[in-house]
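This is the structure I have questions about; it appears just below.
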Amino acid sequence: MIDIKKIRNDFPILKRKINGNQLVYFDNAATSQTPQVVIDEILNYYSNYNSNIHRGVHKLSQEATDAYEKARQILQLNFNARHSHEIIFTSGSTHSINIVAAGYSNILKKDDEIILSVMEHHSNIVPWQMLCERTGAILRVAPMDQNGGLILEEFESICCDKTQLVAISHVSNALGTINPIESILSIAHSNNAVVLIDGAQAAPHIKIDLQELDIDYYVVSGHKLMGPTGVGMLYGKEKLLNMLPPSQGGGEMIDEVTFEKTIYAKLPHKFEAGTPNIAGGIALGTAINYINEIGYDSIAKYEKSLLDYATSELLEIEGLKIYGQSKQKTAIVSFSIKSIHAYDLGVILDKLGIAVRTGHHCAQPIMDYFQIPGTIRASFSFYNTKEEIDIMVNAIKRAKLMLV
Amino acid sequence: MKTIANIQKEIVDEFALFEDWMQRYEYMIELGKSLPIIDEKHRTDSNIIKGCQSKVWVYAELKKDKLIYTADSDAIITKGIIALLLRVFSEQHPSDILAADTAFIDEIGLKEHLSPTRANGLVSMIKQLKMYAIAYQTQIN
Amino acid sequence: MIDIKKIRNDFPILKRKINGNQLVYFDNAATSQTPQVVIDEILNYYSNYNSNIHRGVHKLSQEATDAYEKARQILQLNFNARHSHEIIFTSGSTHSINIVAAGYSNILKKDDEIILSVMEHHSNIVPWQMLCERTGAILRVAPMDQNGGLILEEFESICCDKTQLVAISHVSNALGTINPIESILSIAHSNNAVVLIDGAQAAPHIKIDLQELDIDYYVVSGHKLMGPTGVGMLYGKEKLLNMLPPSQGGGEMIDEVTFEKTIYAKLPHKFEAGTPNIAGGIALGTAINYINEIGYDSIAKYEKSLLDYATSELLEIEGLKIYGQSKQKTAIVSFSIKSIHAYDLGVILDKLGIAVRTGHHCAQPIMDYFQIPGTIRASFSFYNTKEEIDIMVNAIKRAKLMLV
Amino acid sequence: MKTIANIQKEIVDEFALFEDWMQRYEYMIELGKSLPIIDEKHRTDSNIIKGCQSKVWVYAELKKDKLIYTADSDAIITKGIIALLLRVFSEQHPSDILAADTAFIDEIGLKEHLSPTRANGLVSMIKQLKMYAIAYQTQIN
């Protein structure tokens, strides 16, 4: 059960006033808010043990290294990876996907195929396009239906022995659709393809068991996971990460350097060139602990009730259309209102203190599919309330009067 | 003929009458709705200015020594601000246009809409208005 | 003039006790400490306006975007770049160098030459080795003399029309040597080579004017600049950055995406794929402002007095040898003591509360040159004092009694 | 023959007498200095364990059913801890070695030196000690 009063108290930003109104923050799919424990850990780091890690003999460096490596273990446990060295700290989902895509530059061959879905975020499209340009591999796109659900049969029909890689979001950021990754993984694996799951939108809402699902690569962003900006995770199976070449050179990722030859370090360091986001990594661990204290089950149940409530209240508004009505959804509602431009509605809602996202949500192919320039997206987190949804619904009605 | 400064002053005075943001925005929405529609033949891809979220079109032609602007947007609030900008800049000498600023937008409480980081295309539109002025000024000289 | 009492008060970590002793932090070349204003800005960000940037219509997103772009301008002004879009936010020096090195993969040809110096940090070696592997280009190494000074004539003699790139540190992290970058730039430019200066160790100590020096690429790390971890800068001349392909694909760095074709965004966004370290970028701006309030001139003068004092006091110790005795040095003293292993000394100093770095400092070629496994490095900042140097010198004497 | 547990207890009792870290470290440095030097022919690259900063060598051979370890390091404090570890593990049965832990290092206040993030090679050395025990145990069976 969610103790909403206590939880809201954990997030200082929720006290913010916007233009005289209480902030209603419904832009969680873009960036989640940060609980005080996470802020405090950052504060604690810089006030007490800020130091470069891994090579220092002195106490501060030891403390920072231990805290950073403990955070890695927290991630390992949370996602149930087999080894902690399968957890690579990155600067975010985008970076994680790029490491993998760059790594296949010399592995993929001309006419090999990579399958994406039509509902991918640009960060899970562009790196693969660039990889195709480098290698001559071909991008195939698995389509979706009018509800925003992946058409699994179509995916199955394009997945074949040419398929080397499948890169698909666990949850669509623009629609909220939860993709059937178990089926995708089994179809792909039976074709010997390697699967990257973009978990940016899933990890804040769904408990993930990497080993049970037999996922090859999984990526998340800290700033969507109640953690700080500038940090993320790349999970990869040991075997795959050992095979993948490092994408960056530098300190930390080498064992020995001469001008003639360089010996790369073992996992995870091979992929962690340079001084990482130390405070960020540590605080991400704190954020994961915070989420687990509340519990994924309670979160899922509570957010589902918010989603259902918002959906039915919004559909009461005349001319409002929701994009993405899959049965399996996280708490994201993407919608448009007849003859109102998303931008205009966003501006009025902002004046009323309500933060929603408007536009294409970095998922232009979805907009092209629905033949719309963009939507208004309200995305909820476990600190949101039905009262806030009421405030938004009333605000939309008010804005409609002004705009139409 | 009213100078650019005079028109700006006029607008600032008008907006002073509004009591809150609602009235200001309602007025702008009205302005947006009543802005003469840009001639279809100028609503082309080459006259488009892409903000992240709203499209803006702008076109200018010289009549005698004055510049006549027409412009449009698919977002109505953006269009309202465009209406204000055209009221200030259209039918003025290119050299006056080049010398003018858009400080009145600040004064009427709409500053945020002209922030360079705003995803509405207005900042680029103003740049484009000035580009036209530069181009036609050269033509006059 | 440095008001040392006030300054020390600005850094909460300096109150830290280690093993009962007051912390003496002499590991500034690895990571500098963070003043309260910077910590407060991070706190302020997460408590008041944490939000994803650049595409949001709502107030929080506007505030975050404005603050982030203001930080970019602070960097532009501090380093005197011509345009703010020449300032690319990265996750650190290593990342910055890798962006450039990756960018030349399709520009360099077999037998083109890249010149480094023998005193580079691994982060300014390995990316170029990887580039050479990809392109068949050849690495040339400019040597140094026994004092740790670059031998400019030797550099000049290997710089020729085959030289496409020169990558050299402004200041050596292991020795403190300030390299004669004006001469290097003019020799390289007269051979039409492009020059990357690794400013990781220079930016905290030396005022840099990118336009006056006519630098092509310049990189710095936030965590060495009184800023947070996980953020850095890549400066590049507009013309060069426009030519360089983006190294990562994702959100932010594109204008339009379809599965057929993607149009890259303008500078700086082309190089800033994905959600960046927003809090980090903003706080780095605060850090730069903090440094400028104290003033680079005052800092340089004060740190020079620390360097001179430390050098003469240390040289009183029998068997102590200093590596790097160039006339132009920042406040770094790298040394060893006869028949004492650096690690052992580091351990004892740590017990006494003194944080120094020991080992090869990610600059193995320097160690190979001097034929030593590593050194003890004390690196000073403007918040350090002569009293702290006395404490270290006494501690070394005590450790010597124990160890020899 | 003393059991591993007995020896560990002995060491803990010895260290209990020390009043501060200085005495502990002085003792360890003494131990390090007096550790029998590893046979030059075993001080090879194949027996080296690279920590970041100090090198560690380790070698083992079976005498009857007991493992005799020799080890070395270029850093004296590391060597001191090695001396303690060898006192505990050397001349024991492989199976006892495999069953044993190194908790005594915690108890004598040297925990930090066995942290997996420590750049001194000791953690890898302990792993290697156990690897020898596994290998020779198979040989005995």
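For reference, chains read A, B, C and D in written order, and residue numbers begin at 1 within each chain.
Keep in mind that, in the parts below, a contact is a pair of C-beta atoms (placed from the backbone, for glycine too) under 8 Å apart; a residue touches a chain by one contact, two chains touch by 3 or more.
The structure presented is a predicted model; accordingly, all values stated were derived computationally and were not measured.
> Touching subunit C and subunit D alike: which chains?
Output, common partners of subunit C and subunit D: A.
> With centres defined as the mean of C-alpha atoms, identify the chain lying farthest from subunit A.
D
> If you average the CA atoms of subunit B and of subunit D, how far apart do the two points sit, in angstrom?
79
> Please compute the C-alpha centroid of subunit A, do the same for subunit C, then give the distance between them in whole Å.
31
> Could you tell me the distance, in whole angstrom, between the mean C-alpha positions of subunit B and subunit C?
Result: the chain centres lie 46 Å from each other.
> Among all residues of subunit C, which ones touch two or more of the remaining chains?
In subunit C, the residues touching two or more other chains are 19, 55-57, 343, 346-347, 358-359.
> Multi-chain contacts in subunit B: which residues touch at least two other chains?
Each of 52-53, 119 in subunit B touches at least two other chains.
> Can you list the residues on subunit A that touch subunit D in the complex?
53-57, 62, 65-66, 69, 255
> What does subunit A use to touch subunit C in their complex?
12-13, 16, 18-19, 23, 25, 27, 30-31, 33-34, 38-39, 42-43, 46-52, 55-61, 91-95, 97-98, 101, 116, 121-123, 125-130, 139, 141, 221, 223, 228-231, 247-251, 253-254, 256-259, 262, 273-280, 343, 346-347, 349-350, 354-359, 362, 364-365, 368
> Along subunit C, where are the residues that touch subunit D in the complex?
Result: residues 19, 341-344, 346-348, 351, 358-359, 373-374, 402-403 of subunit C touch subunit D.
> Can you list the subunit B residues touching subunit A in their complex?
Interface residues on subunit B, with respect to subunit A: 21-22, 25-26, 29, 52-54, 74-78, 119-120.
> Where on subunit D is subunit A touching in the complex?
Checking each residue of subunit D against subunit A gives 50, 52-53, 112, 115-119.
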